[in-house]
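Here come two complexes built around chain A, the first alongside chain B, the second alongside chain C.
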Partner chain A sequence: MLLSRDSRDPAAAGRLIGCMLVLALAWPIGKVAQVDPAALLDPANLKVAGGFVASFWPLAHDTFFLGLLRDAVLQTLAIATVGTLLALLIAIPLAVGSTAALSVSAIGPAPRAIWRPAVRQAVKALTLFLRGIPELVWALLFVRVFGLGPSAAVLALALTYGGMLAKVFAEILDSVDRGPARAILAAGGSRTAALVYGLLPNAVPELVSYSIYRWECALRAAVVMGLVGAGGMGQLMDQSMKAFNGGEVASILTAFLLLVLAADALSNLLRRWMDAPPDALHKRIVSGWVLALAGALVCVSAWRMIGLDLGALFGAHAGSDIARFLGEFLPPAHDLPLLGKIASGSLETLATSLVGTVLAACLAAVLALPAAGRCGAVLKAITRFALNLLRAVPELVWATITVLAVGLGPFAGALALALHTCGVLGRLYAEALENAPPAGEAALRTSGAPRSLAFLYGALPQVAPQWLAYTLYRWEINIRMAAVMGFVGAGGLGQALYYELSLFRLGNACAIILAMLLLALLVDHASAMLRWRLG
Partner chain B sequence: MLNHFRRHALRGLAALALAALATPSFAQMKELKVSAIPDESPTELQRKFAPLGKYLEKEIGMPVSFVPVTDYAGVVEALAAKRIDMAWLGGFTYVQAKLRTAGTAIPLVQRVEDEKFTSRFITADPAIKSLADLKGKTFAFGSPSSTSGHLMPRYYLLQAGLTPEKDFKTVAFSGAHDATVAFVQSGRADAGVLNASVWDKLVEAGKVDTAKVRVFNTTPPYFDYNWTVRGDIDPAVAKKIRDAFLKLDPANPEHKELMALQRATRFVPTKPENYQSIEQAAQAAGLLR
Partner chain C sequence: MEILVSDLRLNYGAEQPGLAGVDLRLARGEQVAIIGPSGAGKTSLLRCLATALRASSGTLQLDTRDPWRLGREDLRVLRSRIGTIHQAPPLPPRQRVVTATLAGRLGVWPIWKSLLSLIAPQDIAGARAALQRLDLTDKLFERCDQVSGGQLQRVGIARVLYQAPALILADEPVSALDPALADHTLAVLCDDARQRGATLIASLHAVDLARARFSRIVGVRDGRIAFDKSAGEVSEGDLTALYASERVTPGSPPALTSALPRVSATGLPCC
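Let's look at the complex of A and B:
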């Protein structure tokens, strides 16, 4: 007997209530983020932003500008490379210091050393601190201490990425098979031996692959830091943006996209090479040496290119400069008006991150369908390209454009976050859809359900937890980005920080940086809890 | 008030300490490093500086280089950290530099134009006719460190009984004078304020739609921009620099281009006292600690 179609949607009531609840919550949040869809459609605004985007063509291509652009590209490459190298120097000891895999006491009867766990905790706290402060904040501070240019960016990258690498390195070391290391420690071997012969051989591919991935991120970060005056393409972009020179902005964006694509390809190549089957071992060793040599050559030339004078960076004079400058940050101010300002700034930043993430998730969900190949190969190629484009342009660069489109304020920041995050989430959502087992949806289709319902009740429930987890992860990243959006006029804590730094009220600035740190930690916590509850 | 006394006492102490140390042992300078606050685009600043740099090189007999900086406060910090020797500062950035160098930074010269500087309040909203009409509107300043784009307009707004953070719907910082005009023209800010000289320049160049954007208020005059050297520079060099500026004469064809680029008719000596009113305004507006 054919099943009769039930016009009632069995899950409708629950979903409707859920949607209403979300909307009820979204209203005040949208208010704080000054969401104003009308501004987006206002013809006057469309004319300004449209006019600016229209002026992108023709691309600027006079020889003088191209010369500037070439130097900026090289400088950005150099900043990312040297920054990542220094970050590795910071991360390796921190990771070794904080991994539990090398704990003698965890293995069995060990010499009593109460201080060792304490040291591990201290190193972990330092790591947390380093990666908790966005590189852009470090860059802004170092631009003041070292002046304009790449040194500030390199140092900022080194600190934040040092913290990030250290955390992931420690996690990798913790997760590889500890057997060999434990055996060496138990047999009375030294920690160094346990690390080098017990842990590293299993962890190296993952460590290298993650470092390469970080280098790729560093390229994007190097561009963004230029927007606060730390050299490279970002600084050039800032100048062209301020002069409203669309052709130049477009040329820089094009160069940047090409650079990111090239870096992406290179890092894929390297990672695939790392995963090559062991029978090609001999070949791998030879090409490994060639690659290492080439890498060393690139690093040396990068180093020379930005003329990073480590002596000047770490010399006695620089030391006292940093000490003097950073010393003024303490103690953090905590008067009532300031705390009020911080509270409203935090709320605005939180709202910006929420609105940005939710908008991005909605857009990404819509785009994920064609991107997963559900609407034909042509649409798949087009949406994939669009998603890559959205993802390749950093949030802060989007913000400089959205500020023109909807005006200064948090809404511009939320839109910028949404655009970039939609590129990231769209791709992840599509991949989840492609990897989901097709059985449920196919069963619904064969029993006569229309495509839309088969998707809603067959495919969506299967990918929903994964989509949600990705979205929550991105929210953790977006709260950090929302905190610095204010540097380009998008409100929130970033604007307050820039203001206090401009007025040399460094105690106030310190309090705001602490608030940023706290907010990021709170969101991390909330997101982890939500994921745990939903998982 | 207590703060005020304490700061004076501190400054006195600092002066004493300096006097005690002032057995002049100026390291032989090999190069004069110069910078400027980025009130215009950095490329424009470098273009403007080129002929002046050449002229100074000849007059003081040592190489002169320009250090570009994109951030107002960055220039102040560079002067305090002795990474540059001389800077083109605005009135407020000079006061900041003075405080951050314990009162040792020396203002040398300024343009006659800088002795009577003003800011213009602009809007594209027909309903805004006076400062009082700004209540509840979106307002754009320039850079937080700008004298003519933030400090003095804020001071006069306060005098008119308006507290920006309380009375405006949104307070935004566009970052630069020309950006403020762009935001007001596009209606993204209901009103804004900028440097009178940049406004005039933009109007002359036809870069503003004056049918739409209009000036509805101009501030009373105040002292603005000057050339400042750090306090521990060799006094002989400082004197040479000052003399070189004062010698500039628009009637001299060799100086004409240089002065046109600096938009100066004549340079005159200046002194810290000229900026007392700016410092008081900054105190009153709560922009100094």
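Let's look at the complex of A and C:
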């Protein structure tokens, strides 16, 4: 077709190249992730996975097993609570150290201070390092130091969540009104005074609210870490899984879902309680003091249950023990065969995360329409329930099932990622759809556009930036998950790390962990760039 | 399109009567301006005519057919012949002007063409022609959030020009434009309707603009037709009665004191 210069679209070339690029990349990425839809329908696989799922019923309910399950549930709760507490201990100094809101040089000309900003940057780098290594990797390491049991999980949570909390706390401190803190600093007040009187009064509700949310996440993480032997329900599940006892697995999954639902409700309740408007304060049934006391009691009993011996951790011997253990990781190995293995593992992990995220986004987009109430109330309730279920089961638990369905390898990992992420994204997509102004779509409907087109032209452009941002954000999370997916046999860097750690080749393990970190940073940058380009 | 409305009633609730029995008859190709104070029911009437709202009672006939008795597909086809210009055009901020304009014919285009047009606009020349009549050619490939409020309102008009419907319903179509541009834009709209024999109903705040551009003027107040006269017959008394307010002290109504059309500040379209 010959287009006159008059009617040429300046964006056409870019779009064409973009489409070609996507098409050209899709094939190799699918190849590396070993995408094989036929494996889903393979009779042998169907028989194994189907038989396993069929053995879920009846749920295991003998007294002995229920006793084990109860202990595991309590242990999981304790791990999450103590882990979050330790994480807070790590996060608070890091956050205060890295926030720019307490910068004295920012309020005006100050005597040349180089080391203060340097400290701030160093603290930021430490935060990045802490949250860059997934808790599961820490857990895998600590299990080898402290043996099977909850101590490894608690410490792993403390380190990773310490980094995460520190970052978000610093962001919250940076985002509240800096006026009061600056006024105190400008009047010659100390940083502590500026923090306590200037920043905290505005930031505390958000800080507490986020900490509660993190506790909820820690609960899930505690279960997942059990899969590598770090105590709690996960460890029990791992044992049942290896014994191929479907009834027990189903019982544990049910208990886990109930626990997650309860934690979700509790955290919602607490946050709503905190968000009560000032004039409703006196109407609260329980006062803040009672809640704080109850919280403290829970923390103390959780602490005693874990029986974490911090003294041993910081004792005279421990120092040298840890130093020796850490010393074995250094220097990271860098022989050629290992580097080749790392390169192929990284590619596989990257491809897994991409395939998983794209699959999840497609599924979520389809499910978001009924979940936003566009196809009636009944379908809305059903899809919401399905999405919640998909979301509640962690990726790694999905992976233990998808590995049965399609065999070992990265495709199982991608499927597991897709299942969990689709639950998360579906809900976010649906919320974005519900919050978007309906006028654009309604206007097209009244000018005769069919439903589907009115949606594509009127509603989708409004929610697309949000959908895209959510998807990219999930991709950043998924690259980290894809890296550890190999612990249960789903390929990628994780599988290599698991292998090296089993052989106690710690130098090699160190190199792989560094590669994981690098990959995660790379994806963070790519995602930020994409968001900036498309934003 | 031929319009017949009789005893149309719309209940929004006790404190806000929507329409309290409206009778109106328009021949094919006729052009009518609707004026009246804020909250009189102008927008409600237009939305009922656009089949965006269903009246509580009364009859509405478009081309002698009751739209609410039509099947789903027939109603869709009927709607594709009705073009609505909104005071604040509901265009997605990140959509490009060309796509927003072409969306006017989604009801007519085959599905594949509409889908393809999302990626590669299918009738750039057509969109350009529609925008050209409103002096917006240079905005063709801009995004909707990159044009000003007045330009966005004209993009909304361009969409309807491109749609070329048999009935144009314009709700405050020029409220965000300066007086000279408002007059010009309204002229473009009236000419377009005249050339194609389309029926045009426009609600306007600016009484002088209505009298200058329309031969027939309908005054709406409290959900009823206050008067329905040719432009020449509308007297100052009619207007005073139409705009008389119980709250503001009686006097000359604001729309009459200014010789220039009033630009409503609150009606600025926001993207």
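Going forward, the second predicted complex is superposed on the first by the 505 of 535 C-alpha atoms of A that agree within 3 Å, B and C clash if a C-alpha of one lies under 4 Å from a C-alpha of the other, contacts with A are read in each partner's own complex, and residues count from 1 in each chain.
Going forward, a contact is a pair of C-beta atoms (placed from the backbone, for glycine too) under 8 Å apart; a residue touches a chain by one contact, two chains touch by 3 or more.
Being a predicted model, the structure only gives us computed values, none of them experimental.
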{"item": "First, second, both or neither for A:A439, with chain B first and chain C second", "value": "second"}
{"item": "Contacts of A:V48 with chain B and chain C, given as first, second, both or neither", "value": "first"}
{"item": "Partner chain in contact with A:A11 - chain B first, chain C second, else both or neither", "value": "second"}
{"item": "First, second, both or neither for A:Y498, with chain B first and chain C second", "value": "first"}
{"item": "Which of chain B and chain C A:G448 touches, first, second, both or neither", "value": "second"}
{"item": "Chain B versus chain C as contact partner of A:A377, first or second or both or neither", "value": "neither"}
{"item": "Which of chain B and chain C A:Q239 touches, first, second, both or neither", "value": "first"}
{"item": "Chain B and chain C contact sites that coincide on chain A, given as residue numbers", "value": "none"}
{"item": "Residue ranges of chain C in contact with chain A within the complex", "value": "50-52, 76-84, 86, 89-96, 98-99, 103-104, 106-108, 111, 114-115, 118-121, 124-125, 128, 141, 163, 165"}
{"item": "Complex contact set, residues of chain B against chain A", "value": "41-43, 67-74, 76-78, 81, 83, 96, 99-100, 138, 140, 143-145, 170, 172-176, 178-179, 182-183, 186-189, 287-289"}
{"item": "In the complex with chain B, residue positions of chain A that touch it", "value": "34, 42, 44-45, 47-48, 143-145, 147-148, 228-229, 235, 238-239, 242-244, 321, 324-325, 404, 406-409, 489, 495, 498-499, 501-505"}
{"item": "Chain C contact footprint on chain A (complex, rising order)", "value": "4, 6-12, 15, 19, 437, 439-440, 442-450, 452-454, 456-459, 461-462, 464-465"}
